[in-house]
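What follows is a set of structures for review.
Both complexes shown next keep subunit A, but they swap its partner, so subunit B is in the first and subunit C is in the second.
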Partner chain A sequence: MAINEKMIEEILNKYPAKVKRNRKKHIVIRDSAQENQEIEANTRTIPGVVTNRGCAFAGCKGVVLGPLKDMVHIVHGPVGCGYYSWLTRRNKARAEDPEKNFLAYCVSTDMQESDIVFGGEKKLTRMIDEVVEILKPNAITISATCPVGLIGDDIQAVARAARAKHGVNITAYSCEGYKGVSQSAGHHIANNGLMEKIIGEGDLEEPPSKYTINILGEYNIGGDSWEVERVLNDIGYEVQVVMTGNGSYEKLKNAHVAQLNLVQCHRSINYIADMLETKYGTPWLKVNFIGIRATIESLRNMALYFGDEALIKRTEEVIERELAEIEPQLEPYKKICSGKTAFCFVGGSRGHHYQGLYEELGITTVLAGYEFAHRDDYEGRDVLPNLKTDADSKNIPDLHVTPDEGRYRLKIPVERMEELKKIIPLNDYKGMINEMVDGSIVVDDLNHYETDEFIKVLKPDLFSSGIKDKYIPQKMGVPTKQLHNYDYSGPYAGFRGAINFARDVAMGFSTPTWNFIVPPWKHNPLLEGSIEQCSDDTCVKEVGA
Partner chain B sequence: MPWKTANYRNVNENPCNMCMPMGGILPFKGIEEAMVIIHGSQGCSTYMRRHIAEHFNEPIDVGSSSLNEKGTIYGGAQNLFQALDNIRKVYNPRLIGILTSCLAETIGEDVEGMARDYLKKQGLDNFPLVGVSTPGYGGTHSEGYWLALKKTVAGLARPTEKHGGINVIVPNLSPADIREIKRILEIMDVKYTLLPDISETLDRPIARPYTKIPPGGTRVEAIRCMPGAVATIQFGITVEDNISPGHYLQSEFGVPLYNLPVPMGVESTDMFVGLLAEITGGSVPGVLKLERGRLLDCMVDSHKYNAQGRGAVFGDPELVCAVVRTCAENGLYPAVVATGSGNSGLKEILGPVLVECGQDVCYLNEADFMRVRTSCRENGVNMAIGHSDGKFLTESEGIPLVRMGFPIHDRVGGQRLLSVGYTGTTNFLDRVTNSLLEHKYKNYRATMYREFYREAGK
Partner chain C sequence: MLDCTPKEIIKRSGGMINPAKTCQPIGAMYAALGIHNCLPHSHGSQGCCAYHRSHLTRHFREPVMATSSSFTEGASVFGGGGNLKTAIKNVFSIYNPDVMAVHTTCLSETIGDDLPSIIKGAEVPEGKLVIHASTPSYQGSHITGFSNMVKGMVTYLAKATRDEKKEQVNIIPGFVNPGDMREIKRLGGELGVRSIIFPDTSGVLDSPMIGKFNMFPAGGAKVEDIRDSGNSKLTIALGYYASSDSAHLLERNCQVPAITLKTPIGIKATDDFLMTLRSKFVQEIPNQLEEERGQLVDVITDNHHHFYGKKVALFGDPDILTGLTEFILSLGMQPVHVLTGTPAGTLTGSGIFEKEIKEMLAAAGHEGRVKAAGDLFELHQWIKNEPVDLLMGNTYGKYIARAEDLPFVRVGFPILDRGVHSYLPIVGYRGAMRLVEMISDTLLDRQDRDAADEDLELVM
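Let's turn to the complex of A and B:
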């Protein structure tokens, strides 16, 4: 069903007037006739609307730092936040050294009331001593929860002192939950820390192979990164580090040697991508390994960047081989999925990325959005110069890096770079809205109430989002697919991932479960009868009567 | 043991508990048409919703005042009031609970005062707005649960004429458990107010149309009338008086309090059923006698297997007590009894129960899983009973885990686990026994080989 402004207006009428005005700016109906459709994003969440957004701590410790496997991630604060970010994102890791995989650990200073009153620095210091002694990690991070900044614990100083004492890389992140407007603030804080204190610590000067790359903004949920790396390695790329899925301190500290940085999730990691270019001269390429067409395009763009004939040829060979493997498998799923509609609401990149894969399966995305993205993720990076810095973003320090005298190298000549920029998304991202079909809806920071109402109006065949909101549509009889943790399935990236995804989505449509929701007595009346000329007496005859 | 350093509690490794506001959410989910807001950073409510949703497989709507940097300086009243306005407009609830987070407490917000101010400002005299101070550093989710209940009762209860009903106040049990307790009350013809009643709200049938607040829960009016009950039965032997709703009703309104263990196991269920019969002057119905008989038959059948188990029991203090008592009744003696809570009463309560088990019992409070794991290893534990985070005991020590309590996030059906009453106990013991048997068969050959095989000539 096509939606119009009037329907949106009706949905928003439930809100108090001020809230309605605010939310209206976060909802756009795609219309390609209009140039540059604007959407409001990355602004303060309205209190009490039951948002799906998290906080700066979640973005920093939970998303960006958490997946680094050979490090111990200490949560300085009361126990809850450490607990809630304990393996909850399904970022998988396989350790090179089995003794150095600490992902299954949740380590917290478990601050008590007395620590809030008297300060927790000493406890944190003693804890670092113990962690070094007991676990012997390659590096340590310390993430602050709300009270830490408020009571004035100087975790940066604690980290510096501990680093001097133990000779281990120890970094602190002041990612208190109240900073910024969503987890996006935490990504920025984490990016700054990794850039400033870890990347470049390693002593590699030259890339280990001819085609050395980093994958940025890939968190290896359900093993996505492994599927992507399988193909990349096969073509002949050497992946220096994945940031940060299955990543490690040992690899990350040498991230500066890569000749190209791939950016999968633009939102969470574009800061680092930009800084790496300024400091080491490494350009970044926006890729998308979700969906078959997007994967192929990304692989071809990478080959174009390096511009090596043998690499281009090898890329085509691998693409051909992979397609031959998956295309026959995909057909039956396409038949089931074809003609269906979906909602696609995820964090900061997947809301866009999965639309292509849906399209390949014959599913139209009728509503999409991001939890915590900024305007450039919706409208493309061209909008960046027009963005005003508000009070909330000013609270997150911007790191100003300068070219590294010893290590800055131009990876490709300036003229060639300019040529390439015309044909591949080097240092560029065009955003989600551009690729959406007319009449579809874009909603920023979709909340529980709006989820409920949009489902009633648009009646999608599939709802894809996360665990907090998936039970609403399920209770309404609409199948769901979690795109945060993949309902414990995956990988969904790359070629083989697309098959897994198609299988999982098709299963949602084809399971007989949904057919039982309406009981048989609603389909077939238990009584049969006809209207007759009758008085007040019953004119319904029972079956068989 | 390498884990034992001099000052252990500096590091909490793999916690056995969550924070106070998490526990505070649950009671409000068991009150009819209630909503709940966390006053603090929005991450708190998002994280907690995520965890509760994963356990119950239900939508969990919790508002947030979404405090940011500005709020930390100027106070968060404006945000909280706006959150209350919006929640009231969209959800139209009949009661709202406000919990605080670390942030709100550290900047010194007076949530109860703010609730009063809001009502005054809006001219809402009778709207039940329950403020509960639940700093994350103030206790575990267990304490948060009881405090939220107590504040709800204290905020709503008013002098009422005696109405002959009984108050039944329950700890954090599964919806299936609550349904079982209600069934027992109903077949014994008891007029009751059960608080909080999550039996329908957090185990909601697929039914159309979908409503934002699930049907069911304790009625607000019934909570107001709790002082008129002839007695309160509270399953809360580990609950301290200052956070005990039953104690509040007794001291403020003179409602006699019967603080019982969770009705799990023969003895505790007998106590509950017997007390109901005594209070109502009725007799125990035949159907319950049959169920009791079946439970005993189950125990006779399985005691020989149970006796081979050496258990580790961990989780919320109240549930830990219930499980330990139940296991001990059938000869499965726990070697490790642990809770993440600071509640230090476990040893006192369980000591007399376990006095005859003939082995040492290691009691741990404020425990984390590193300590639980070490104790399991030292004490030859071969069976763990508790919530999902005990899965690491299986992964690293090979100890089978019988999932029980909250949260269960790596299996489905936590909300449907039935463990109370005679029938529930039977189910529970079967789950435990079968885990022991499965473990035994899975390891049968390896064990035999290890114990009996010797190479020729040695």
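Let's turn to the complex of A and C:
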């Protein structure tokens, strides 16, 4: 069913007036006739509304820092935050040296009441000492949780002192959960820290190969990055570091040598992408390795950037080979999926990225949105100059970097860069809305009530989101797909990933379980028996009615 | 796997590495879900609420609905009263529960928000209730949080409205699965004793698929029943750590005598539970339960050679461990390491965990390492120093199991990598039978896996 403003109005009418005014601005019906459709995003969550959003700590430690495998990530605070961010995101890592892989470790200072009253700096210092002595990581991060800032623990000073004492890179992140309005604040804080204190620490001066790249905003969920790297390596690229899936301190500190940075998740890593350009002159290219067409386009754009005939040719060869492998496998799944509709509500980039893959399977995305993205992720980076900073974003300082005197290098001539910008998304992202079909809905920070109502109106065949809302549509008989953690499957990226995804989605549609929801006695009331046994007229009517 | 954990144990004091506990609010949220028509609310920044919902959802594979006060920096500096009042208004107009159960987080506790007065000043619609519990995460554990929310239920809801007590029993089941709460209720029912069980997450977090989503499913303890708990003749607190504080509060407030028993895991603890009901309510134990008990003893006898004498390492929540250790001993197995992350002495009266378990071990003629406020890093080191035949605990144990190549039985909270467990009990005779099956199958699967071709046997 097509949706219109009036229907949205009716859904919102249940809200108290203030909530209604607020939420209205976060919902847009796509209409390509209008230029620049605006949406409100990255503003405060309304208290008392069932949201999917998390906090700055989750964005910093959970998303950006956590996947770096050869570092110990100390969480300074009471035990919970560290506990919940321990192995729960499926950011896979394989270590060259198993004694330098700390992903299975959760290190928390487990602050007690006395630490809250008298300060927790001493305990944090002891924890760092113990980590250095027992675990011997290549580097350490310290992330603050809610109470730390309030009680005035100076984690930056503790980190500095410990770094001096142990001679190990130790960085601190003041990512208390109340900062900003969502995980997004934490991404920014983590980006600043990595850029300021780690990237560039290494002493590599030259790229290790002709086509050296970094992949930014790729967290190797379910092994995505490995599938992408398989193809990239085959074409001839050398990946210096992935930020941050399966990434490491050892690789990250030399990220400055790359000739190109790929940006997969724009939201969580665009700060580093921009700063790398300013500091080292490395442009970034917005890529999308989710979906076959998007993957092909990304590969071709990369080849265009380097502009080398052999590389372009090799790219086409690999694409052809991969397609030949997967296309026949995809067919049976397409048959099952074709003609279906989906909701696609995910963090800060996947709400967009998966729409293309759905389309390839014949599934139309009728509603999409982000949990914590900003307006540029919806409307494109052209909107950036118009964004006002509000009280919440002001709390997260921008890091101002300047060109590195020794290492700044123009990677390609200015004119060529300008030419390329016209044909490939260099240093640019066009956002989600532009690519959506007319009449579909875009919802920012979709909450439970709206989920419920939109499902009733639009009756999607598939609901894709996260763990917190997974089981709600499922209870209604709507198949679900977790796009944060892939329901423990994957990889979904690249060519082979598309097959895994198609298989999993088709499985959701085909599982026989949906046929059993209504028990047979509900279809088939005890008509005959009741009528015979009941002599009273009214009784017969009731039973038969 | 866990290759960075050395065998040599160095004393640490900087906090936890691989904790065996989590923070209070998740326990409070879980307890609140055990009230019918209740929406839990987390008063703090929204990250806590998101984490707790995710973790509970992963354990139960069910929707877990809760709201947050969504603090921003301003609220953290000036207090979250405004946020809570807005939340209360929104919750009742949008979701319309009967009860909103607010718990605090480390943030609102550190700020020192005064919840009772904020709630008093809020617009709460006629006939609706807002209850609260203080759950600072820098004390105790998720078990403490559960206990505190149950105390909140007693404080706000339970009333003694008559002089003479009714022939009914209150049962506080502790932090166990809905499948366990269901079984505890069934046991009471089989005995014919009217029981008020609260909190009760059965029918909420094990709700059936009916083709429709109910934000407030059919299950949960009814508010009028929790109110009426003040008129009961007796309260049985199952589990010292999760349940005894609220039972004693009910005793003080409403003069309902309280008895604390072990979580009824295994024969002895289930016997104790039934014997207590029998003596207080002068009921005969029905045949059905005697038969179940007999079946349990029968399967243990039939299968004892599969597990007798095996060494076990156990970790998890203190009340579960106390019952489980007793049962493991009744199977003739040897618990050599028993560890909980929950501190022993956070509740009134000093910790009994270590003492109780050590006494059980001593009575069985065993020695073992027992620790409260421990972590899994240490448990792993213990195992490296004194190997075991079997590991039992929550999902996090799978890493140790793999590192040390140990058979592993999942029991407790959270279990994030397997389904169905939360629907089925480990309490009562039937729950014990299920445990026997899990333990012996796990050990036998391992034996089969490792057997040479010529040693693989059809009949075992």
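For the reader, a short list of remarks on this structure follows.
Just so it is clear, the second predicted complex is superposed on the first by the 522 of 545 C-alpha atoms of A that agree within 3 Å, B and C clash if a C-alpha of one lies under 4 Å from a C-alpha of the other, contacts with A are read in each partner's own complex, and residues count from 1 in each chain.
Heads up, the rule we're going with is that a residue touches a chain if its C-beta (ideal position, glycine included) is under 8 Å from a C-beta of that chain, and two chains touch if they have at least 3 such contacts.
Small disclaimer: the values here were computed from a predicted structure and weren't measured.
Annotation: superposed three-chain arrangement on subunit A; subunit B versus subunit C shows a clash.
Shared-chain residue A:Lys136: touches subunit C; no touch with subunit B. In the superposition on chain A, A:Val79 contacts both subunit B and subunit C. Using the contact criterion defined above for the overlaid structures, shared-chain residue A:Pro98 touches subunit C, although it does not reach subunit B.
In the overlay built on the shared chain, the residue A:Asp234 is in contact with neither subunit B nor subunit C. Using the contact criterion defined above for the overlaid structures, shared-chain residue A:Asp154 touches neither subunit B nor subunit C, since it reaches no partner.
Contact with neither subunit B nor subunit C is seen for A:Asp404 once the two complexes are overlaid on the shared chain. After overlaying the two complexes on the shared chain, residue contacts for A:Glu453 are found with neither subunit B nor subunit C. In the superposition on chain A, the residues of subunit A contacting both subunit B and subunit C are 14-16, 19, 44-58, 77-86, 88, 104-113, 115-116, 123, 126-127, 130-131, 133-134, 145-147, 150-151, 176-182, 391-392, 395, 448-449, 452, 466-469, 471-472, 475-477, 517. Only residues 14-16, 19, 44-58, 77-88, 98-102, 104-113, 115-116, 123-131, 133-136, 145-147, 149-151, 176-182, 391-392, 395, 448-449, 452, 466-473, 475-477, 517-518 of subunit A touch subunit C when the two sit together in their complex.
Interface residues of subunit C facing subunit A in the complex, by the touch rule stated above, are 1-4, 6, 10, 12-19, 21-26, 41, 44-48, 50-55, 57-58, 61-76, 83-84, 86-91, 93-95, 105-107, 109-111, 136-139, 141, 207, 209-215, 341, 377, 396, 399, 416. Only residues 14-16, 19, 44-58, 77-86, 88, 104-113, 115-116, 123, 126-127, 130-131, 133-134, 145-147, 150-151, 176-183, 391-392, 395, 448-449, 452, 466-469, 471-472, 475-477, 517 of subunit A touch subunit B when the two sit together in their complex. Partner subunit A is touched in their complex by these residues of subunit B: 2-3, 5, 7, 9-15, 17-22, 37, 40-44, 46-51, 53-54, 57-72, 79-80, 82-87, 89-90, 101-103, 106-107, 135-138, 140, 204, 206, 208, 210, 212, 340, 368, 392, 395.
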